[in-house]
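Mind having a look at this structure? Questions to follow.
Chains here go by letter, A, B, C, D and E, matching the order in which they are written, and residues are numbered from 1 within each.
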């Protein structure tokens, strides 16, 4: 049997374990599910986990080790590791999928040939959140004179949305208040006292791990209404609100398309075909939760990339890194395919191209009702006319720094 | 004015919580000359134990009254911490008598790793909840005087109170009791203490148990604030400037240091932070401590560092 | 039997002052060098280079630098990560802002900037001692972390604080492949190890150790505390800074301040203590222990085909790692280097026990 | 004894007072030391003898008084200046560099004489190496002199107390001092070892022309080898003169010597 | 010597430091209940090591007893902790003072009574006794030990051990750094305690004159071996001892001024 190796970089221990674990479980379950159904056109998936502890250097070590075992795509699940691997991937000819994280400008496939921030970047997240707020207020023009605070993880991750928010602030005349929180974010009293003092109309939460729940608790403790708080999709999952309980009621976060999806077909399949047979990863209750779904979808994207490549280079064959890249670059997950994958209602179609490595910029907002996450908005699409030029400008700067040239149309065919 | 008072008060409360963790450091340092880097891990370990025991007890014993469950969980967690103290003495400290401070410090780092691994594998690495019924919502005082009232957090208030009581008790213990004196002797010179018949083993088990108790209390308080998960062990980093500002050997120093650092970092973040781009509180606390040390190298109440020929 | 210095008489102080006075040691060292310079490049795999050897070399260099400060001069520092960061970001700025700046010059200038910062943060050491100083150096750590995130100029206006370099060249040769990178780092490590060894066995090294062991007595025999301490800070942070620059340029290529976080500082302190304070060799032992051990521990279940969950494996790894640290300290509180020399002493007496 | 030429005053202590909080360690002490002389300081425990040396040495700053060293007046000196002026000392409570070998310990004594800068030392080549070897030679002579060749490379922490005292002396000698301050160099030695030590001291005194200030509790030694003796008690000077004079002094007898001598 | 009254019996012990440095090469000695035994020998002979071996303080120095046995009243004590030994009445005064630097003199003395269970009043009485032995300590009672003079620290260390009301004291160089009358005083205390309270002493001493004057029995240690032993009175008559330990070769005491430069140390063993 032909096999294709999937490396799995995870963090199941350490400060970010509560968030990393469900993602990893979803990811692995999906790979198992594909295998249980006969693999990718007959190609069996083998996989190996490597614990990174969310540390960049351990991620690099994992990358090198698993690369040696024949990895043809990586999903680092950490912004720091993404930055480091972005430099290594081109040399190794291995694509990186960073679904919902990583550098926003890497959506520009003309410069970032090997990066795939599929489904959305932080600029998409920020834009959708502002759209949602504007809609609540009754239009963009109502934002004028308003004040929006960004409480963010003081790291490249947390700073990613700032350029877009600043751009929007200029356009619509609202005031942006930046409140960095030193990682890991266990102490935020000063931040929230500042919020209480400046009384922003909304505050955006760009945190990860313990920072999220701490922010919610401090908001409660300083009486800031959770209804006015909006998180990024890494601040909108069960671990972030679980131990806050009622205190988080009313809090909302943008989703990267999917939310908690207990009823999705794929979730039922996982339960039926894996967990019922005792082959599932992690606890049953977790299947279908937000981060679990994120992991599952991330795995799905990788698998679909390989399958797409097989369509061109030969079904039932092992694909190398270069071929997988082509597959990811030519993803065409239309509604029919999604339905077949059991993802009806979970996500919208995705199609990528040589220049667009993101493939989709749709998102929704969901809110915590004290017990579970529920969608509270319709679909939004990020404003391409705003984001595209920013992506291009930033990518060009990167290319200039690195003395890279944009990919030519011929290169796009490869 | 109202805002300033709020921040001041918030700083004091946070400071009290720092003191609680700092206290663990001081205790062990004072009694054995070991700078115990495992304090953070002990806080995590204790909190994990408490949270998980509280979760398991209803299922195992049928007990359901929250007070009873919490009390039992607390008791069990304390027993566990005593066991831990005993184990550390047996397996680590006993073999490192009379070694230099830095070696001992390193050993506690080894213990840190061990505890982090053990804690997570026994109790899991998810996020858990400690609910000892601390109120989460704020109260507002002097609503007449200040616009919007003066926000005070009840949870913090209780926590600070508990911390203050603990600290006071321990300070008393160290002050004049014979055991307190013996502990200080051990810190000065392991060998000499041995030579006059102070049983290091016993002393260390006692001290580490007390430190375990302090860690447990800190773990419960911080855990009910933050949720119990790995990051709890990083709270210890916030306590380090407190320890050196107050003086490594001083129990009251841990309180005063905590209050100063708490207030200092909150005020700086709110009033200076915005001009520098924010996020300055962590280094500000350390710089504050550093500047203070330039004037008093042993911290506020620390014992004078003796160098004499 | 084989390891004796009998019959090897030193006829001059010069001969006695060699780094390896015993012939067997000289031969062993020569062999080791030969392996490192020729054998390894021929046979090592890419994984070995990129994931183990290069990080090992660079962190040994950093540990060496830290050892000068902690091991030789007795000033405990928890700000090493910061000095590495200064070296890395400074070198980055020289590299991107000055057209045609040679790579080595950027790296060394990065080291020099780190020296300046090191000396600045070393000034408190004239008053503050021991653990108090250790914690005070955290001020440097957190301040630098913050500064590199906040002050855009340092990161050449990269909004996220992340910077990257590529296309490294040395005298027209590009340094891209793992072997090239390895040899490049090895070159730095060898040169710096030699220079450091020379320093620590010269007058200045003795002054550092004197300050460490008994500062009042040192002053009485005419050693200036200011000079001794600050020079240790300078030399140490220079080496650490260069190591930081290498870490950024050669190992990561792209980094954010978190690459030089407090965890790095602790890691390096581990290395020097486990390896052996006040021993050049110890820095290497320590780095090897701290870098390789966790990787090996993580791999053991795989090797033996024991099915184990990642989670369990890494918890076990933590526990074993912690236990081993304690174990080594109990066996020899002065680190692996001392263990090594005790073993050699025993070997000399062999086959007699004493 | 007659071969020795006692010269002019080299060190003069005038009206020194030193107090720690309420404790008066020294009150208005004055005495002088002549070149080539062996000057002993004696007195009961806690009389202030070591404190006196610490003042001369710049370790303590006396509140009052003045010290004149080779014609230069000082109110406050730092240890480095004192060392540069050729004053070396040993310590009562061993103050060796524990982590270093015997050889290195004694080599530190030469640091004032080593001039090559840091870069040269890092390269350890040419002049730097030559300098190192020259100094090494001098140190080896001291090691021979003190008969501690066998321990050359042993870390001093491993030596017995008495040997450590010898290394301490060696380190001071390595400074090639003009004035050597010895704080109980013979404590913890038996008679034979004391004889050796006396021999070292006398040799240094004779051959190197070193002036010696000696604190010692063994009256036999003090009476035999010193030229003049200062007696302190409770921080005050109660006697000063040749051994014979001091031995007859009533105050000294009651405060220190007791009747047995 | 009848076996019954042997308090301490050291039987052919070897001690190794750091796994490689062999220091004691088979030392045997006996101390009878109620006697004062002197342990003599030059620098580095192994006196301190012997005492450490008895009181089990070697571990902290990375040393270990590898051969032989040590018995206290017939009971093997190799495995007991120092604290256990103090519980059995054996206490050591360490060489180099080792006072608790941050504690005041009085606190230092009081920690000495840590093991006592006979009440505050009794401890206070002993404290008074120690202050009477060493009036100088009374003056300094409130000073932190680190800031007292060398001799004061020595008194403090001795006094601290006496506070435990020991049955046997291992004294390591008690007279070091003490002014002559105080040193004499210390030996008088030894005699006093020995005669009136029956306390047994094993003392390592460099001041051979005094040691032999006050001791009943003596052992001479060279290079880690016992090279001579005998009743104190006999030892002090021995010619070799006279020459090497009492500085009275050929009868008279020699002046330190006349030590000859060629004089070399003679050893019994190489």
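Definition applied: contacts are C-beta pairs under 8 Å (C-beta built on N, C-alpha and C of every residue); 3 or more make two chains touch, one makes a residue touch a chain.
Please read these numbers as outputs of a predicted model, since none were measured by experiment.
Asker: Touching both subunit C and subunit E, which chains are there?
Answerer: B, D
Asker: For which chain is the distance between its Cα centroid and the global protein Cα centroid smallest?
Answerer: Smallest centre-to-centre distance to the global C-alpha mean: chain C.
Asker: What's the distance between the Cα centroids of subunit A and subunit E, rounded to whole Å?
Answerer: Chain centroid spacing, subunit A to subunit E, equals 74 Å.
Asker: With centres defined as the mean C-alpha position, give me the subunit C-subunit D separation in Å.
Answerer: Using C-alpha averages as centres, the distance is 41 Å.
Asker: CA centre of subunit A versus CA centre of subunit C: separation in Å?
Answerer: Subunit A and subunit C have C-alpha centres separated by 37 Å.
Asker: Subunit B to subunit C: how many Å between their CA centres?
Answerer: Distance between chain centres, rounded to whole Å: 32 Å.
Asker: Give the residues of subunit C that touch two or more other chains, as numbers and ranges in rising order.
Answerer: Counting only residues that touch two or more other chains, subunit C contributes 146, 149, 214, 216-217, 220, 311, 314-315, 318.
Asker: Of all residues in subunit E, which are in touch with two or more distinct other chains?
Answerer: 18, 21, 147
Asker: Residues of subunit B that touch two or more other chains: which are they?
Answerer: Subunit B, residues with two or more chain partners: 99, 120, 125, 277-279, 282, 308-309.
Asker: Going by the contact rule at the top, pick out the subunit C residues touching subunit D in the complex.
Answerer: Going by the criterion above, the answer is residues 12-14, 17, 195-196, 198-199, 201-207, 209-210, 212-214, 216-224, 231, 235, 278.
Asker: Along subunit B, where are the residues that touch subunit C in the complex?
Answerer: Against subunit C, the touching part of subunit B is residues 35, 91-92, 95-96, 99-103, 105-107, 109-118, 120-121, 125, 237, 240-241, 243-244, 248, 276-280, 282-283, 286-287, 289-290, 293-294, 297-299, 302, 305, 307-309.
Asker: Using the touch definition up top, name the residues of subunit E that touch subunit D in the complex.
Answerer: These residues of subunit E touch subunit D: 17-18, 21, 40-45, 48, 95-97, 136, 140, 143, 147-152, 154-155, 173, 176-184, 206-209, 244-247, 253-257, 259-261, 263, 265.
Asker: List the residues on subunit D that touch subunit E in their complex, please.
Answerer: My answer: residues 1, 20, 23, 43-47, 49-51, 92-94, 158-163, 166, 184, 187-196, 198-199, 202-203, 217-221, 224-225, 256-258, 260-261.
Asker: Under the definition above, what is the set of subunit E residues touching subunit B in their complex?
Answerer: Listed in rising order, the residues are 55, 57, 59-61, 81-87, 91-94, 98-103, 107-108, 110-112, 114-115, 144, 146-147, 160-161, 163-164.
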